[in-house]
Amino acid sequence: MDLTLAELAKGLNAELRGGDAHARIGGVAALHSATSSDLSFMLGQRMHYQALQRTRAGAVLIDKEWADKCPAPALIVGNPHAAFARAIALLYPDPPVETGIHSSAVVHPEAEIAASAHIGPFAYVGPGSRIGEDVVIGPGCVVEAGAWVGDHSRLIARVFIGADCAVGKRCVIQPGAVIGADGFGLAKEDGKWIKVPQIGRVIVGDDVEIGANTTIDRGAIEDTRIENGVKLDNQIQVAHNVHIGENTAIAGCVGIAGSAVIGRDCTIGGGVGIAGHLAIADNVHVTGMSLIASDIKEPGAYSSSLPAQSMRQWQKNMARLRHLDDMARKMKRLESEIVALKKELSKQAKEIER
Amino acid sequence: MDLTLAELAKGLNAELRGGDAHARIGGVAALHSATSSDLSFMLGQRMHYQALQRTRAGAVLIDKEWADKCPAPALIVGNPHAAFARAIALLYPDPPVETGIHSSAVVHPEAEIAASAHIGPFAYVGPGSRIGEDVVIGPGCVVEAGAWVGDHSRLIARVFIGADCAVGKRCVIQPGAVIGADGFGLAKEDGKWIKVPQIGRVIVGDDVEIGANTTIDRGAIEDTRIENGVKLDNQIQVAHNVHIGENTAIAGCVGIAGSAVIGRDCTIGGGVGIAGHLAIADNVHVTGMSLIASDIKEPGAYSSSLPAQSMRQWQKNMARLRHLDDMARKMKRLESEIVALKKELSKQAKEIER
Amino acid sequence: MDLTLAELAKGLNAELRGGDAHARIGGVAALHSATSSDLSFMLGQRMHYQALQRTRAGAVLIDKEWADKCPAPALIVGNPHAAFARAIALLYPDPPVETGIHSSAVVHPEAEIAASAHIGPFAYVGPGSRIGEDVVIGPGCVVEAGAWVGDHSRLIARVFIGADCAVGKRCVIQPGAVIGADGFGLAKEDGKWIKVPQIGRVIVGDDVEIGANTTIDRGAIEDTRIENGVKLDNQIQVAHNVHIGENTAIAGCVGIAGSAVIGRDCTIGGGVGIAGHLAIADNVHVTGMSLIASDIKEPGAYSSSLPAQSMRQWQKNMARLRHLDDMARKMKRLESEIVALKKELSKQAKEIER
């Protein structure tokens, strides 16, 4: 969609400085690749200054502080990144979705489907489920009996929502996500595992995003809970009875074991492992591929990320690491020997003085 | 479903001590949250004693040793956890599944479907496949040509079973699991990879559980084998020609490379990586996010889990780790210097004596 | 399918030495398990020599150097592994696929489907999409509006291709793969995350294999690119704007963060994590479960793999690792003390001499 700078300024609540208010913007691009019909944005960091100076963008979303240095028409906003997100939504509106139930979908007569909802090809919606206003249930999705999907939420395709689970409003769930499979509950009897039936649900708040092929297990007895505004990337595993606090963002491939409680406003890097039955405070930030194995009580950054070295260097270091305890003990011995040497030396010194 | 304490005692082979045999139990809950209509259980560990003392549960599954300390009616059993699993199954029976083939399913005329089986909406069952008694093939499942699913097994939804693969009896396969995709078999020719066709199968034993979005590749030439009673959590990757022994339980996000052989009665923690072409003995237990890179010949616990520290601490330690070999060499030098000092010192001592 | 040794020699461009040209081969097997109707192969490594000596195979694909030592009829080729891959394709041809659109599929009237293509049960193909010659779209696949699938490519089952994404020729995409879900693009505003719409595409080259439940996100603004000949195993996560160079092979469970650029002819081991916004040179090889956290500019092998030890040993070493910086500082102190001791000792020596 084409918009004039004036329309963009209005839509984004921005102040236009420089440029023709009637000039048209048809797309977005990064500073270095934008052309005169593109909108770009400046993150307000010195490292982007060079790109700003050279940009050929038709307009740049920028904050007050940097606006003077912008060679292109400036759309001045408080938060250029957020405004850019809004601008993309304006310039690339989602294609309209046909309201109603596709002829190939199977919807149980006891399901409640809002009139404005869309149920796509090969979607199955079970009895007792409720699908809210403007909801999109994409192709191949399965919504089991008694599950709820709140207004304006979108299940892109091939999403599974288990029986009695609930998804809030304005959520986006990417393809292949599985919400409400059984948790991994086992009891041992006579040397064999028997399954503990999982009767809890998954409760997902509003404005949650759930990535492709991410899995969130239903609770064992009580529920697994994902609070409002949580953002989950792809291929995350959330075990039964986990609780993730508001606005926490978790990157791809993270595994969270059963009954872990994660605070609000946390960020968890990719590939992190979080052990079960522990609690992580609010405002905790964990770097990629770390392991959280016990409670974190203080906000702040935590890590056990181990960056690669050249194979030759690493193998040497790692071989030492495997004997680090021996090394520490030896150091202790050396320490004592040095103490002994010192004593001996001062004894001799005295003898020499005599 | 409501059951009396007497009915529960009978169903669970438990001895009822205290309480009214006609009192009704309608659900289950943890000790701390149970009400008078709930059944709970006591794991028989001191750490749960306080919760036991305060519980308001209608009855508690408990072992003999702790029964005297139970303030609520006690259902005395040998293994409270296993009995609790059974109790949940009694109190929350699975909803009855309609027998037969859903009108939207596509079942090849050359597939053999037991009369008591259920084939759900949008399920595809290929030629030459066999679906056993009481099997449930949930919505969106794909069972390719020649695949077998044993009696009483349940494929919850969107499960893929590749051609000629076999699943045993009483298995549960969670949504999104892929059993029998091609293994990652490549040969290099003129600097390019060519695909080695994967003609082995996946053979899954009886009483196996396979988690959501877990993938098990077919063998290259021979088969990939998952023995009876194996329990696999979500998002596990099992490469071609892996063999997993009986009753081994594997937590989420584990990756197992090709031709690895894992013993029986092992437990593998979440996020563990297991290299290819190695063998792990029976009764091996691996902690979360460890890497198994060579054979394990002795039962026992193994680990390379690296728990996170505060970012500041960790970065200091990690910087040292990257030069650990230098540090070890330096220590060796210090050691020699101390030896030299000692010699020198005793030489001087003798000179002083003279 | 049965083939004579003469037919195999011709089909594989091999020289037959020994054996009856009319003898029939019906399958393939490893050297140790092959029978007289099986073809096997010898990798040309001393470690396989014993198996070669004992083999009962009907014929062995082998290179010139080893052919003299082969007790069975030898099919001499330059690259036995590649020839073996070809032989399997000859002996186990894919079952013929019915051309045309399955009656249960939903194909938008504005989709272009080649006459020789197959669209399977419950597949959905959106408007403006193009499906090439001999393409197989398996059961339950979703090809969104405007997506392209090149000639001879196969989407096995339950594959998702997002709107406007493109897949090249002769690709194989395993079940559950998700190509073109939204990238994880977030902007923070007033303490909450807002979604940055993802308008880039995924562009997949020719001869690419994509494993089961692997996810490749669409670009934020520009495209995510997978070059020709790339091979991706199962459960790999490829974030938005990643670029993977030609012929690079990546093992299962790898996570690649946004905008990472990976060179050509690389091999990445299972479970590796690759941080975002970095560049990896061509011909880089990374061992399993390593973390790449910064640019790699030189070809070669890199690692931070940490193999497990017995729990007891590891816990001791790990406890030391958590204080490695203290240990290094202490060592520095000991070093100074030794220097001081030496000085003191030589001072005394001089005094004794006097």
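Labels A, B and C are assigned to the chains in the order they are written; within every chain, residues are numbered from 1.
The criterion applied here is as follows: a contact is a pair of C-beta atoms (placed from the backbone, for glycine too) under 8 Å apart; a residue touches a chain by one contact, two chains touch by 3 or more.
Being a predicted model, the structure only gives us computed values, none of them experimental.
Could you check if the interface between copies chain B and chain C is built from the same residues on both sides, meaning over half shared, or from different ones?
Different, since under half the interface numbering is common to both chains.
Please report how far chain A has to rotate so that its Cα atoms sit on those of chain C, a copy of the same sequence, as a value between 0 and 180° in steps of 5.
Between chain A and chain C the superposing rotation measures out at 120 degrees.
Between chain B and chain C, what distance separates the C-alpha centroids? Give it in angstrom.
Here chain B and chain C have centroids separated by 25 Å.
Spell out, as numbers or ranges, the residues of chain C touching 2 or more other chains.
104, 122, 140, 158, 176, 213, 235, 253, 305-307, 309, 321, 324, 327, 331, 334, 338, 341, 345, 348, 352
Enumerate the contact residues on chain B facing chain A in the complex.
28-30, 33, 79, 81-82, 84-86, 88-89, 92, 95, 102, 104, 120-122, 138-140, 156-158, 172, 174-176, 207, 209, 211-213, 229, 231, 233-235, 247, 249, 251-253, 265, 270-271, 288-289, 305-311, 314-315, 318, 321-325, 327-328, 331, 334-335, 338, 341-342, 345, 348-349, 352
Across the complex, what residues on chain C touch chain A?
On the chain C side, the touching residues are 104, 106, 122, 124, 140, 142, 144-145, 158, 160, 162, 176, 178, 181-182, 184-189, 191-197, 199, 213, 215, 217, 221-222, 235, 237, 239, 253, 255, 257, 273, 275, 286-287, 290-294, 300-307, 309, 313, 316-317, 319-321, 324, 327, 330-331, 334, 337-338, 341, 344-345, 348, 351-352.
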